[in-house]
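The two complexes that follow have subunit A in common; it is paired with subunit B in the first and with subunit C in the second.
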Partner chain A sequence: MSEKHTIYGTNLDDVLEEAEQPGNVIDYQPGDTFLHRLNPVTKLVISLGLITIAFLIPDFRVGLVLSVLLAMVVVVTGVYRPIAKVLAVIGIPLTVALVVIQGLFYPENQTPWYIFESVPVFEQIIVYEEGLLFALLILFRILVLMLALLGTIVTTHPKRLTIALMEKRMPSKLAYVFLAALQFIPQMRQRANAILDAQQARGLDTSANLWRRATSLVALLAPLLISMLISTETRALALESRGFAREGERTYLFDVPDTTFDRALRWLMFACVIAVAVWRVIL
Partner chain B sequence: MSLIDIDDVTFTYRTQSDDVHALENVTCSIEQGSFVGVTGPSDAGKSTFGRLIPSYIPNFFDGNLSGTVTVDGVDMRETTIGEQSMKAGMLFENPFDQLTGASTTVLEEVGYGLENLALPVDEIISRTKWSLELAGIEDLVMRNPQRLSGGQSQRVALASILAMQPEILVLDEPTSQLDPQGSEEVFRIVSNLDREEYTIVLISQDLTRLAPHLDRLIVIDDGQITHDGTPTEVLTDPTIEDRAVPVPDPVTIGQRLRSNGYVDETAPVPVSMADAVEELQPYAPTTRPAGGTTDGVTDGGAASADGLVANDVGIRMDDVVFRYNEEVEALSGVSLDLDAGCVCLIGQNGAGKTTFAKHLNGLLEPTEGQVTVGDLDTREHRVARIAQEIGLNFQNPNDQLFHNTVDEEIRYGPKNFEYNDERIDELVEDAVERLELEDVREKNPYDMGQPKRKRVAVASVIAMDTPIVVLDEPTGGQDAEGNELLGDLVESLVSDGVLVVVITHDVDFASRYADRLIALSNGEVLLDGSAREVFGQPDVLEETDVSPPIVTQIGQQLGLEKTVLTVDELFAQLERTSEASG
Partner chain C sequence: MATREQEFEDRKQSSFIKRAQSDFTTVAWVLIPVAVGINVIGGTLTNVLRIPLYLDMIGTILLAVLAGPYVAVVGGLLTNVVLSFTASPTLLPFGLVQAAVALAVGYLAVRGWFRIREGKGYLKLVGVAVVVVLVSVIVSSPIVVLVFGGVTGGPTSVVTGVFLATGQELITSVVATQFLVEPVDKIASVFIAYFIAKSVPERYRPSFGQKSIS
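After this line comes the complex of A and B, so read on.
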């Protein structure tokens, strides 16, 4: 492996761990667990593999098992806090909606599971078993998807992800777009707030009727896009001046190791998905 | 052969009509190791001139180029921007737009170009460290570039350019969007660069600060080089127009001394403050007044200066405290009564000033204390309601312009207030006239340069016809003419009985137009009085990183009894002293 480089006393490999975070809703959580150390591509492959399996097998218990396993990994790694927050915000309303809608209206509903008696207006409400099972299936599939991807996101520094992908021949321009988009979100939010302030300062009543607020949203988008375009010209020049258009070899400041273990894991995941797919086709 | 050769260059942007030229028959060569200043009015072609050197013209900007530009023997038509960036780097005006936008740390930002050049990691690290140190920002290495202040961001951009190790640096108004502290830092780095290694072309309006460092000053007006020579030659040239070039006070003083026969006419005219003080020294009073420099302040009391029409709507701040993130205290107990005239606020860093401005119309509500505008408590009324009493103009026009034409833009405020059509037309007409926007009325604000866009933003606030107007940094990046226009506007508003609050770091503007000057420091009111009183206490003022205007400082260094605000006052006092002693 390469020798250790340092900058102002910090090991180059630790820079991303100790650096200031951009302040997004879901940020990278610095750490040094086995999940952090895995190659980002491995994490992506495993996530996608598990999601594929959960979607291939139409039994909610598979999703349940995978979700429990993933949840355990996430808890052991200690990065569960931001994930729990996202799950609570998206998951709870989703669960309620799915259970109610599918439990009551799933087209293949036959077997009543629970009957609410003497409900006003409707007289009685029947919750069906088929609908509930279907809701659970969908829910656990989504849970697997969210846990796997969120687990990957919070344990992978975006910079490392792009380096790993570029080493797997992703074009550097695409990597730039990915990173710029991530950095862009907090910037946009800031800018949107500034514009909203300016509009209120010129007499826009934000608590007025819906029509007024809708038009103000349009008014917000225009300067947001225009100022983005203006900054794009300067940014394009700055990028050109730093060899953005240059083809060929490129140095990576940060080293993203890809170990034999990583490769083995990826092949294993791949084999599992194939196996499940074959099993599904044969059955 | 010179390092940079610009030979008979005429350039027209694709977006311009054919008979308008951004540059016209410009010929100029720049020797290696020289420090060249470029100045002139807004939209005169200064940036276009700068863009020739890193080959942005013709390699990025479309248009019609005739003549040749060669840098170090290479024709700019024969190179690419990437290649040329190792010879010439360019720093732009806006500190936030010129970073790559894809770096999560300053280290990556500065190293980005070097990674692309496929240099070994060792070399990248050593070059990055070298340029960070040159820019004096080693401590920012682990910061997120998106979360830096303007001054910090501008220095990161400079370090990123230096890391490519160019011999030439072109800086296009690098400080016009920075506060005084940020500007000072950038200027200091640039003027300290080793002149054997670097050739510097600096485009700026800030001649007072710039001129003492320059070997050569070029004036570009209307696409042509009108003056070219040493700063002294150019600034004392009788054909120089005030409109195009604001002559720094030390030069004006030197010229006066010569024409009045105090100093030999053949002696070189001083450009820096120190040289001006030295020339004036023999005419200064021999005994310095005892005690502080505030002695002998003659003019009237602080608050509402006499003769001003007091407004029936004022702003009252009662012990206002503002904390954000529950820890940082931006305002810590500010009590002020603002009622009439032009009140200038100086001496706060960027965040504190914006915080202050947003308190005035309720965009921010005080954590403790109370702000009342007229009889409205800002905590109890919506911003839209308070906006009918107070028009607030923000520092960055790009955040507040959102219409396709200047006319619609100005109409937006009055329309929100649901005035009748006749009144709206009248108000728009008046605002257009006051800011001299007649010929751009149907144009898109974003097709104009930043200084003019700023005027549109001011017009859109004036058109609301509020009894109070707040302007945040109206003069930043304006040329001499723009400054004059805004000054006239403030005066005419005041004479109409409008209370005008100007938040500014432009001490010359404050000195000329303020009826009352308030210096804020660490979230508190440090000084409050007339411009003369406030600038008369330089040692107290120092706490805010604000220096009095140059002419005032000269007077203070000479030990004059009274604080002077203009060159005329300076001479009047010197003559009085010499009469008294002679």
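After this line comes the complex of A and C, so read on.
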């Protein structure tokens, strides 16, 4: 954000980063780019709009164009590193599976596109055009989905996202639940490891047969749940003492500006989606 | 015991809004993020214990039993929103599966399918698992076909590929794959969720959970 907040002389962003326990695959990338400055709701609306458009039009070129545009935005803003990681982990197996399975076995396959001759076991393997086109269509749609949402997630601090959504009338309890869940996961992972160690010390065998291992899951998850419940009771009291359930106006630690430009972008996106939908229905 | 079942009788007669309002107590709100965490951690623990299942719904089922269907729907949808922040946004559409399972399990919990008093009663849990399998196949198959073109890139894609190779339609292949993969996973999830729910001390259970389990 353009404005610089400080708490006791320390930059607010640094304080937040310290308070957070990273460890998620997709972490917020601090920065001050065009994408960071957009209102989170605008980013969400644009992402969902682009995804809708990509899924409405059954032509892979639309997905291709949108993907290239999104990729350019992501690279220009310099937040491509975590995105590339997720794309590689999720995208590569998906691409391979889609191209192989649809290229070979898509039910509407007719036109051979490439023939592998003299393959052992099979006489020949035929890759079909229809299947490949279908695979490309699906791939670029998913690529649009991933790039748009990852771009939004990586450039938006979850706290800013929830404040922006609360300003758009999202119930504050829902916002709390979302932020708490995000924070709990690294915590719970640590706790789960501690419980695993403790149960192993008591003789839990992680190399026993499958049935034993499956039942030992209860011995791991039950203490995890109960210990979380005990600590959340304290948390609930703390929240209540600070007016969690109170109605009425709230003030936020951050100011998330919603500019005219943001509003214009949202309406533009909305109009585009409607136009595409109408065009699809008429054709 | 009779009075407890009586309380669920009241529930059946009250309106939807009243039921939802009475479910969303502070204890229930506090449970939601914990259940989301259990959904996510369940997947991690299966890796540690090398159990070849997903078990990514234990938290949602737990929430449906402890806090009722509507709270569980919020928890289920939230799980996949959180997962798209921590793992991959491609998981977002599958939130609908969690929500549908949450509704089904919550409904069964109201009908007393988690009140087990004798050894034979565990058959009820098998019944719940069958419903969960049906619901999740019915909801997830269209998502797999429409969003992913039938192939999600996981190990199950190979099974779908085999079905496609035998000349099946895309949707039939996906449904068949799901029916092969889901039952064991969902039976395990339902049983594990039940035993965890039972081990929660009564004072930490929301009022719904005090009535639904025994």
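Following the convention adopted for this analysis, the second predicted complex is superposed on the first by the 255 of 283 C-alpha atoms of A that agree within 3 Å, B and C clash if a C-alpha of one lies under 4 Å from a C-alpha of the other, contacts with A are read in each partner's own complex, and residues count from 1 in each chain.
To be clear about the criterion, a residue touches a chain if its C-beta (ideal position, glycine included) is under 8 Å from a C-beta of that chain, and two chains touch if they have at least 3 such contacts.
These figures come from a predicted structure and were not determined experimentally.
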If you stack the two complexes on chain A, which partner ends up touching A:235: first (subunit B), second (subunit C), both, or neither? both
After superposition on the shared chain, which partner residues are touched by A:266: those of subunit B (first), subunit C (second), both, or neither? neither
Once the structures are superposed on A, label A:198 by its partner contacts, choosing first (subunit B), second (subunit C), both or neither. first
I'd like to know which partner A:222 touches here: subunit B for first, subunit C for second, both or neither. both
For A:246, decide between first (touching subunit B), second (touching subunit C), both and neither. first
Go through the superposed model and pick first if A:184 touches only subunit B, second if only subunit C, both, or neither. both
Tell me which partner A:153 touches in the superposition: subunit B (first), subunit C (second), both or neither. second
Can you list the residues of subunit A that touch subunit B in one structure and subunit C in the other? 158, 176, 180, 184, 187, 206, 220, 222, 226, 230, 235-236, 240, 245
Residues of subunit C touching subunit A in their complex? 26-27, 29-34, 36-38, 40-42, 44-46, 48-53, 55, 58, 62, 74, 78-79, 81-82, 84-90, 92, 147-154, 157-158, 160-161, 164-165, 167-170, 188, 192, 195-196, 199-201, 204
Residue set of subunit B touching subunit A in the complex reads 54, 56, 60, 80-82, 85, 89-90, 92, 94, 96-105, 107-108, 111-122, 124-125, 128-129, 138, 141-144, 146-147, 157, 160-161, 164, 358, 361, 363, 382-385, 387-388, 391-392, 394, 396, 398-403, 412-413, 416-417, 446, 460-461, 464
Listed in rising order, the residues of subunit A that touch subunit C in the complex are 24-26, 55, 86, 89-90, 93-98, 100-102, 104-107, 134-135, 137-138, 141-142, 145-146, 149-150, 153, 158, 173-174, 176-178, 180-182, 184-185, 187-189, 192, 196, 206, 210, 213-214, 216-218, 220-222, 224-226, 228-230, 232-233, 235-236, 240, 245
Show me the residue ranges of subunit A that touch subunit B in the complex, using the header's touch definition. 2, 5, 7-8, 10, 12, 15-16, 18-23, 157-159, 176, 179-180, 183-184, 186-187, 191, 194-195, 197-208, 219-220, 222-223, 226-227, 230-231, 234-246, 248-253
